[in-house]
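Below you will find the structure I want to go over with you.
Going by the order they are written in, the chains are A, B, C, D, E and F; count residues from 1 in each one.
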């Protein structure tokens, strides 16, 4: 299940569809949209409500027998909690994107949006440990600008990506928002470097973990919790 | 306002009372208890519901004209979101404790509980930047064990703290749970080193920020968000 | 292709066979064994000759139309050079194992062999950025001890792994040698935590990169070199 | 006591007066000026003589029954030694400023003077652990330029601070010299972000530590030394 | 012995001659050129063949009774393996240059060539631990451009070095290629800051280690290996 | 000149004598003892007075035409200031020891005394950047115990050094006090790993810098200061 933390169904459809383009024939990709929450995840406040939405969908997925989850929000909101709730593996789109980028480039840059979310990318980067190989840039657009596709943002993203290649010595670009997934191909064609989308990377990473029979460790940090939600 | 992220009123009363012992005569310390949520914050799941509870209380505090907030939960759950919501400063008890410890000791150790929360302390430590001067230890007790005072935990905490002094070269002890506040004096008397409670440190830090006229920066990361909650 | 950097064919067979257990039905896993080199890779000297062997096999693979490569040596010897040589993605078993571990556990430990190779694991760890979440331990056995299977090493590895869980707060174990792949299941059954083998992780990671259409960036660090070998 | 490490009495008066504006009604702020030393602290040489001056004043303060100290020099010269000498807490203006900034902004920038002191700020930053959230800039003026107030430096400081907001993603400004304290209000009005002065932050931090009954740990690093000065 | 990892004899002659200018009267500096390998070391592929060449020469040196070695390649290719092979100390020109720079400047910059080798400098920097004090820049020239002296590159190197002084706050320049050794004096005269060449630094460092009677530790990492080369 | 920061002439004689054993025939090693100060440097207070003593001797050395200086105190007290004062290079015995150790071992341990000085070693280590390769241990003896030789401390130092080899994976030992210089040979014989004394390393490092014609950069951090001492 690709879990969209916000309530915008068109975004869920886009990311689930994108996920299907890389999934194995034997994998069924479903999207999850919270029934209640915020229409986009940008602020730290949004992240709290996004996490609540993620948990609602993971709980529903567990009922439905879902094998694994990708959290389709750069910032990986709700990831640690979702790992406690799900039987199978849960991967954040940001960490998956960073690991894929690290396998194809010595250095890379996240191009995210809007600027206020850069620290959320830094937080993910610090947890993943890749601060020494990755910088963070942003275009000045709200997440909502990508609600119905992002091809109209190509110029803006390309401009910031070019600056990354020239000034930050980036060798690949990580798209810092689930809504930008349809830029993977056009941006790659423009720049000639790998362009990585975290939803795609997340779907293949969950497939890989499942192939290896791996699920979240229950020792200490992600042990099954005493409480599953408000009493 | 000292915001308890869980719904256990006795804990709110304890931490608010503790806060009053260090507050200036001109400061009124009030406690905030979420009307709905979890009875203790231990797991990553609890942290999501704790953050929701913190936001509920900060929203109420803003209505009531509260000047500043201390989040009374080691792990500082909901801190970044609360900073977006509140007009005045918001301080996490963990970061406040770490800064106070850094001002009185070259190295120190957090003694938290239960063991599953150690990574939450590491996360705060990494954000505060003090990993090179601080280690994390835990006693094997649930947070609920401190719901009505923690004097019965003195031996367990002291034993772990002594190990910190001997093996980790700690020179001060940070209590890693709001519920341990009544151990400050007995533990200090036992060990002879500074013992720091984050609620106390948080209250004095908020007072200090208010005296300087400082509030959260509205530039980028904590700018006033478009949405204040679920629509 | 799973590239064994040493000349021991039984090891190549073991790792290729292991790779097949996780590969998709549409993936053909072939093993590559250098025709000349060292029988095991333990020392820094061995790593130089292992890198030469890796390059020999990748050059052969390019002739044969191989899509992607896993370097089956903890230490990822020859990885950067192989990336310059291959059209498709090249993944080191160590980095793949670390990323998989980071997706299922907050902290983890590499159990490698022999002790002299610990610094090689540290080097990989530093490059991957996961030093803050991973420790390195070793059993005192030469790599050759695992040339024909490693089930007889289970007790030794389990003993070190248990020390990792208890003393290093590890929540998962990464096997630090391609030769230990047949310990994945028995060790997992003994310890109850995720046990990760880098060859398996590498095979699924290469599959994922290929599904996304990603190959090594040709910008700067891994640009096609002027010289492909000695003149 | 606010300890000025240099012999310029007008600077002591300015910082003590500034300290009084944030101190509680029950706090008496006194200034301390070394009887012998250097007229400003800029170079590494100055720092040695500044440390000697700090110790002279702390020794005098101990005679006079002073409760706590703020070292009013960016670079916190003499801080570790003063902690050994004083019964009560001793806070450096730099560390206090950094902690206050960390509580109101995700990222911030020190604007210091002159350029040669930037490494002294880096040293403090590294010890405080906040290098990942703070950059250092400098205006090209000697400390002496601020001996009788710094309002004439507003344009220069504002220009560098604006560059910090734009290029370093700073969200708050830390004034990197005790002599700049009268820029707090005008700079805040110009830029609209928090502007933090370390003397103010230090005074409130010492008040907080005293309210909690905390003093420097006597275990190991700051144990009472055998010798209090030259024999 | 100054070991040139490439097969270009004119480069060996240049670096050996340079080494003699700083060596003590009692030291005999000889150059070592691999009989087979690559004509320059730029790519990661070149580094593998460079390492093979270094080992060939160190093996020859051991036969000839050489006391210590400098690897004359920025990137220190083959260094760890050479330490296992040689009885006496082996120093990489990069690490030697960085330590010398750290002793004469607070911050410094490596100016290397070509741009693709910057990550090799970063790798050395990370191992040496000096990333917080050093940046890496490159001129866009192949190593071969310096095969017969580098005076014609002075303008290009000086331009990048000036940018380092102005934008990176560098206080000294490290020449990032053995071929640039004849720029030490003219660049120092142009810029007025220390200019450090790693071959010179390496020769004096080996002399120093020999004077102290120090050789590579045989404990763990660099223990005498079981195999000295391909079987 | 080997500058002893304390007033104990027997220590100066010991370290100068030790320096002579590694110096080139063309080098004259002189010792410098402050005329006023403290008899040993252990506490942070001692370090201030030690720095004053170092400056006194460097000033005298400049009058006498000394070419370069080694500060013979682990902790490198007064180093930055001395660099501003001296025409030629100034090397701290700690940094010199760490760089020499890094050239002969992958990991190493400082054995210092007394325990209160461990943070001073950590400070040097952080500045040198070698925290990832070096640990710090201490024997429980005052510096004064080594005032007339340290052979009677061999057992204590050896015991801590053995613990470093076994528990910290050290491969070499750095003696963390100038007074321990006569343990170099007996400890090496006992343990079979490199044993490094900073005074010896410092003397050879200054010789190397002088051979290269290098002196402290005058750009920014160590520019010639306006004031050379108290007015």
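We take it that a contact is a pair of C-beta atoms (placed from the backbone, for glycine too) under 8 Å apart; a residue touches a chain by one contact, two chains touch by 3 or more.
Not measured: the values here are computed from a predicted model.
Following the contact convention of this document, A, C, D, F is the list of chains adjacent to both subunit B and subunit E.
Counting the residue numbers that touch the partner chain, subunit A and subunit B have more than half of them in common.
Subunit A and subunit C have centres, each the mean of its CA atoms, that are 26 Å apart. Chain centres here are Cα means. That of subunit C falls 30 Å from that of subunit E.
Per-chain Cα centroids separate subunit A from subunit D by 42 Å. With touch defined as above, residues shared between interfaces to two or more other chains in subunit C number as follows: 106-107, 118-119, 126, 131-132, 169, 220-222. Contacting chain pairs (ordered by label): A-B, A-C, A-D, A-E, B-C, B-D, B-F, C-E, C-F, D-E, D-F, E-F. Within the complex, the subunit B residues that touch subunit D are 22-26, 89, 91, 95-96, 99-100, 102-107, 128-133, 165, 169-172, 192-194, 196-197, 200-201, 204-205, 207-209, 211-212, 214-222. By the touch rule above, subunit C contacts subunit B in their complex via residues 106-107, 132, 169.
Put simply, subunit B touches subunit C in their complex at residues 118-119, 126, 131. Residues 7, 36-40, 42-49, 51-52, 55, 78, 80-81, 83-85, 115-116, 118-119, 123, 126-127, 142, 220-223, 225-231 of subunit E touch subunit C in their complex.
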